[in-house]
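In structure tokens below, several structures.
Look at the two complexes coming up: subunit A is in both, with subunit B in one and subunit C in the other.
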Partner chain A sequence: MILRLAFASLIARALTVGMTILAIALSVALFLGVEKIRTGAKASFADTISGTDLIVGARSGSVQLLLYSVFRIGNATNNLTWETYQDIASHPDVDWIVPISLGDSHRQFRVMGTTPTFFERYKYRSGKSLVVNDGAIIDDLFDAVIGADVAATLGYSVSDPIVVAHGLASFTEHDDQPFRVSGILEKTGTPVDRTVIIGMRAIEAIHVDWQVQGQSTPADALRQMELEPQAVTAALVGVKGRLKVFGLQRFINEYTQEPLLAILPGVALQELWQIVSIAETALVGVSAMVVITALIGMMATIFSSLNERRREMAIFRAMGARPRVIVGLLVLEAIVMATLGALVGLELLYIGLTIGQPLIDSAFGLWLPIEPPTLREVWVLLVVILAGAIVSMVPALRAYRMSLADGMTVRI
Partner chain B sequence: MKILSFLVATAITVTPVLAEENRQLDAHEHGVGQLDMAFDGKQIAMELHAPGADIVGFEYEAESAPERAAVDAAVATLAGPLGLFVLPDAADCSVVQATAGLEREEEHKDDDHVDDEHADDNHAEAKHEDHANEAGHTEFHAEYLLTCADPTAINNINFSYFDSFPNALEVEVQVITAAGATSFEVERDAPTLDLRGMF
Partner chain C sequence: MPDTAKTLQLENVAYSWPGRASFDLQVADLTLASSETVLLLGESGSGKSTLLSLICGTIIAGSGRVSVAGTDIAALSAGQRDRFRAEQIGLIFQQFNLLPFASVQDNILLPLRFAPERRKRLSDPNAEAARLCHDLGLPDGVMSSKAGNLSVGQQQRVAAARALIGMPPLIIADEPTSSLDAATQATFLELLFAQSYAHGTTLLMVSHDARLSSQFDRVINMTDIAQTKRDAL
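The block that comes next holds the complex of A and B.
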């Protein structure tokens, strides 16, 4: 009975109620969206590298090294000389080492020079290996393996020629040394998707005579050349046994010939979260405030509706409704509004995710999974509904006290 | 033009000779120690670095008898890891190897001496010693190897370390397990390291 009344009353005031619900829905969608991006970003970052014990680069900050070597965010302060790289590679505790050389680009995508070992050793999402979807890994000097996003965005298929440019967003293209797409990798959800991978030697080859205008060494001559790399940007290192990781880290950090930095990827990530957590808290705080604002907005609409409904309330009371029925009616209306708001908000979130997922992925390399609401999200929704009920108590109690006298007194 | 390029060329070849010496110093923060722990199978390797100020309260070379005694006592305490980092009984851990010592942190010098400089060598070295006494920091360094019947039972570690060394305020802990690497900060106010979810 009271439920039917509540619904009927809400439908009668469809426009105002609709607006209130929309406000709550948007605020809920915002709050949940911030949560999704926050957790999605963390998971996506944490999933990007696994199985690597140490990352070695020029001495800078551990977060910076992690960001440029693995996430291709920012740039290296310095490179590692090839000599140093060899020194580390020959350390008895080193199980495997993979060089990474950055600094060239193909269109908007970064080019990474490495060795074929990279495909074996690079692991993501707790131990998954890279899979070549189409074609094969680097064999010839001018072979390039491209990530799934590179292939999708530029419409490349195996054996298409590609041209590598010097520097990021630069106009100096090494168009005299065209590469060939030898393989396309399966989508990983990591920055590898947006990377063109070529051999270490190829990086040297494209720089053999790029500074001299008009001169070009034929590709076959280059294939014959020694082409020893001079420098690498960073190196991924696997250690023989976990007990030796710290020892090797210390050896590298105290290496006197060149200032180096070795980081544990997990520890650097943690440091990153510590930096980000302040902004994160602020974001969550702001979106929580938006939810509170929407709920207060709802309280205001209920208050103003009390004026319109003075007669209605008085008639209910005259018909024999107890004051607590009036309170119940108003609170129930608020709960219905808050619930609808929460559900619409959830729906908006999923619509937003469906639309935004590919955009966010291509713009930031962040893959936000579309999953059923987590327990935490369900709790958030329940809290919003409960808060809506509590907030509505204020106008409801006012109506409780005023309903009879107010509605019956004829005001002039 | 020719001359200029000659000058550039000489500058490039000469500079490395002048800059033969490498200078670097590790970071050193009083009150903050570092503990690295690696779990592998039944073995746990630990490495502790703590500033002299944390452990004995001074960082100059121990001269008086009480100072020397303090250093000796500290080294002896540091050599007993299970008394400093209390592991749950269920893990049933024992010490395989424990070493502790005091290191004077000096500039890491790596001189590739050029012949001409040899004359000054002794002199320079002596000066360096003096300098280290004035401004150098000392660090206690300990390495442990433990073996545990059930390392997965180590869900927390109680840092009695803070009771033993009243000047220590914080330990930065890095942990490597099969699940990956993470870091923690253990502070005097809450001297327990929670390792749940690390195995």
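The block that comes next holds the complex of A and C.
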């Protein structure tokens, strides 16, 4: 009966209680949303590359090399020569090597030159391979395979023409050598989705006439040409055995012909996390403060209701309720509000995720999975409920003192 | 051995409210016999509320003895006093007497939640609550109504049913008719007396309205039994 009366009392104050629950719900949704984005971004980054032992590029920073070679963020300061690439490829510890050539673009999407080996060796999300959803991988010199986002955003389908632009924000297009979409990749949730992939020879082909004003070599002539690359932006390397990774890394880093950098993707990712961890902590801190503010708001609501509820408490006391029953009622009330707030917040989060998932994916390339609450999220909800119970002790103890002082003499 | 013939007995009781605006109350002797109906008359500030708090055990006398149904209240712990109050005393206040958000039934049954012995006296508390409502002239189907939706007169009858349920030996009514019009007042008192007599309950009603005197077995003036002293601020 006491529980029923406590709920009836809450329902009688539905508006203020509802607003308090909404405030807690919004703060919980915000906190969990930030958590989802934080862990989603981390997972998305960590899942982008898998099974690659080393990434090799011109000497710069390890995070910079990781960002431009894998995430297509920023640019390389220099390339490595094709001779150097061949030298590394012939190293006895190298199992496989895939060149990456960046620098051109199509509309807002990066164009990446590589070899067919890329489709075989590039792995993401713990070893998943790229799958061609429609069409086939590169066969002809002017074939292009496009990521799922490129196809969706630009409305491309197999056999559609593609003209590659020189540079990243250039109005100069290689329109004399148009490409053809040969295949569209399945969605991966990685930067590959936003990449146009062409062959290494094709990169050379579109630049054959680049330096010569007015020259336009026919496509068929280009197909017959020996188009050996001059340089590559970076290379993904697989090593024969884990123990040989560090030896090969040292060999590359100490390479005398040109300054190189070989990085372990996992280690570079850790460095990246360290850089962003301050902002990450600040973000979590701000959202935690929002939750604390909402709980303090709940405490203020209970406080402000105490005076108008003195009669209610006096009736309970007159009927024989001990002061601890009064305390218990107020703490229970806070637990109910915090629990409802936490559950509504969770619901809001899932509604937000359902609506925002495709938008966030297309805008930021960040895939936020809609999954049952994690153990950490359950703990967050329990902590919110517990914190609600703790902050309610302040008004509850005040009510305790008031009920002792008032006895049965409150007159309103 | 407890003197159960005396439902209420105060002997040489003295109490001082702590704080700056201190107020002292002394009661030399006040005794109410079983089944007796007593009207306690007193003006505002005469110490009526302090006296009721002493009888209910929410405050404890500095000296003297307050016994309800033969039990010295001061001898009980705070928790025991709360339970004792629930078991032995039915209370009716002036207005705002009920939990307005709760049903009539929950309001009437509330004291039984804290008084297991009082509950044991009833084989079917819900049926007893319904019977009291009927006997007090409340309409059929009122049990499920929200208390806050009833008229003031109906609310006071529900408060009377709440005080009477489980037949506590003592009912204290603190100016229960002050917010009722004359006709409703008369009906309410008539029903309250009928139920008190039927249950053999002692009734102590506090009022400042001397016109009610003729309806009680005995009338006591606060000025005759109590001395008060209020310190200047």
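Basically, the second predicted complex is superposed on the first by the 396 of 412 C-alpha atoms of A that agree within 3 Å, B and C clash if a C-alpha of one lies under 4 Å from a C-alpha of the other, contacts with A are read in each partner's own complex, and residues count from 1 in each chain.
Keep this in mind: a contact is a pair of C-beta atoms (placed from the backbone, for glycine too) under 8 Å apart; a residue touches a chain by one contact, two chains touch by 3 or more.
Quick caveat: nothing in here was measured; it's all calculated off a predicted structure.
Asks: Have a look at where A:Q224 lands relative to subunit B and subunit C in the superposition and call it first, second, both or neither.
Replies: Neither partner.
Asks: So, A:F246: does it touch subunit B (first), subunit C (second), both, or neither?
Replies: Only subunit B is touched by A:F246; subunit C is not.
Asks: Answer with first, second, both or neither: which of subunit B and subunit C does A:Q270 touch in the superposed model?
Replies: Touch partner of A:Q270: subunit B, not subunit C.
Asks: Check whether A:T256 is in contact with subunit B, with subunit C, with both or with neither, and answer first, second, both or neither.
Replies: So A:T256 only meets subunit B here.
Asks: Mind telling me which of the two, subunit B or subunit C, contacts the most residues of subunit A?
Replies: Of subunit B and subunit C, more residues of subunit A lie in contact with C.
Asks: Pick one for A:R322: touches subunit B only (first), subunit C only (second), both, or neither.
Replies: second
Asks: Under the stated touch criterion, which partner chain does A:I2 make contact with: subunit B (first), subunit C (second), both, or neither?
Replies: After superposing on A, A:I2 lies in contact with subunit C but is clear of subunit B.
Asks: After lining up the shared chain so the two structures overlap, which partner does A:T281 touch, if you call subunit B first and subunit C second: first, second, both or neither?
Replies: neither
Asks: Determine where on subunit A the residues touched by subunit B overlap those touched by subunit C, and list them.
Replies: None.
Asks: Taking the complex as given, what residues does subunit A use to touch subunit B?
Replies: Going through subunit A, the ones touching subunit B are 50, 53, 241-247, 254, 256-257, 259, 264-267, 270-271.
Asks: Hey, which residues of subunit A end up touching subunit C in the complex?
Replies: Contacts found on subunit A: 1-2, 4-5, 8-9, 11-12, 311-312, 315-322, 325, 404, 407-409, 411-412.
Asks: Going by the contact rule at the top, pick out the subunit B residues touching subunit A in the complex.
Replies: So the residues of subunit B touching subunit A come out as 22, 24, 26, 36, 38-40, 43, 45, 47, 108, 110, 145, 174, 176-178, 180-183.
Asks: If you look only at subunit C, which of its residues touch subunit A in the complex?
Replies: 49, 52-53, 56, 58-59, 78-79, 82-83, 85-87, 91, 93-94, 96-102, 106, 109-111, 113-115, 148, 162, 174
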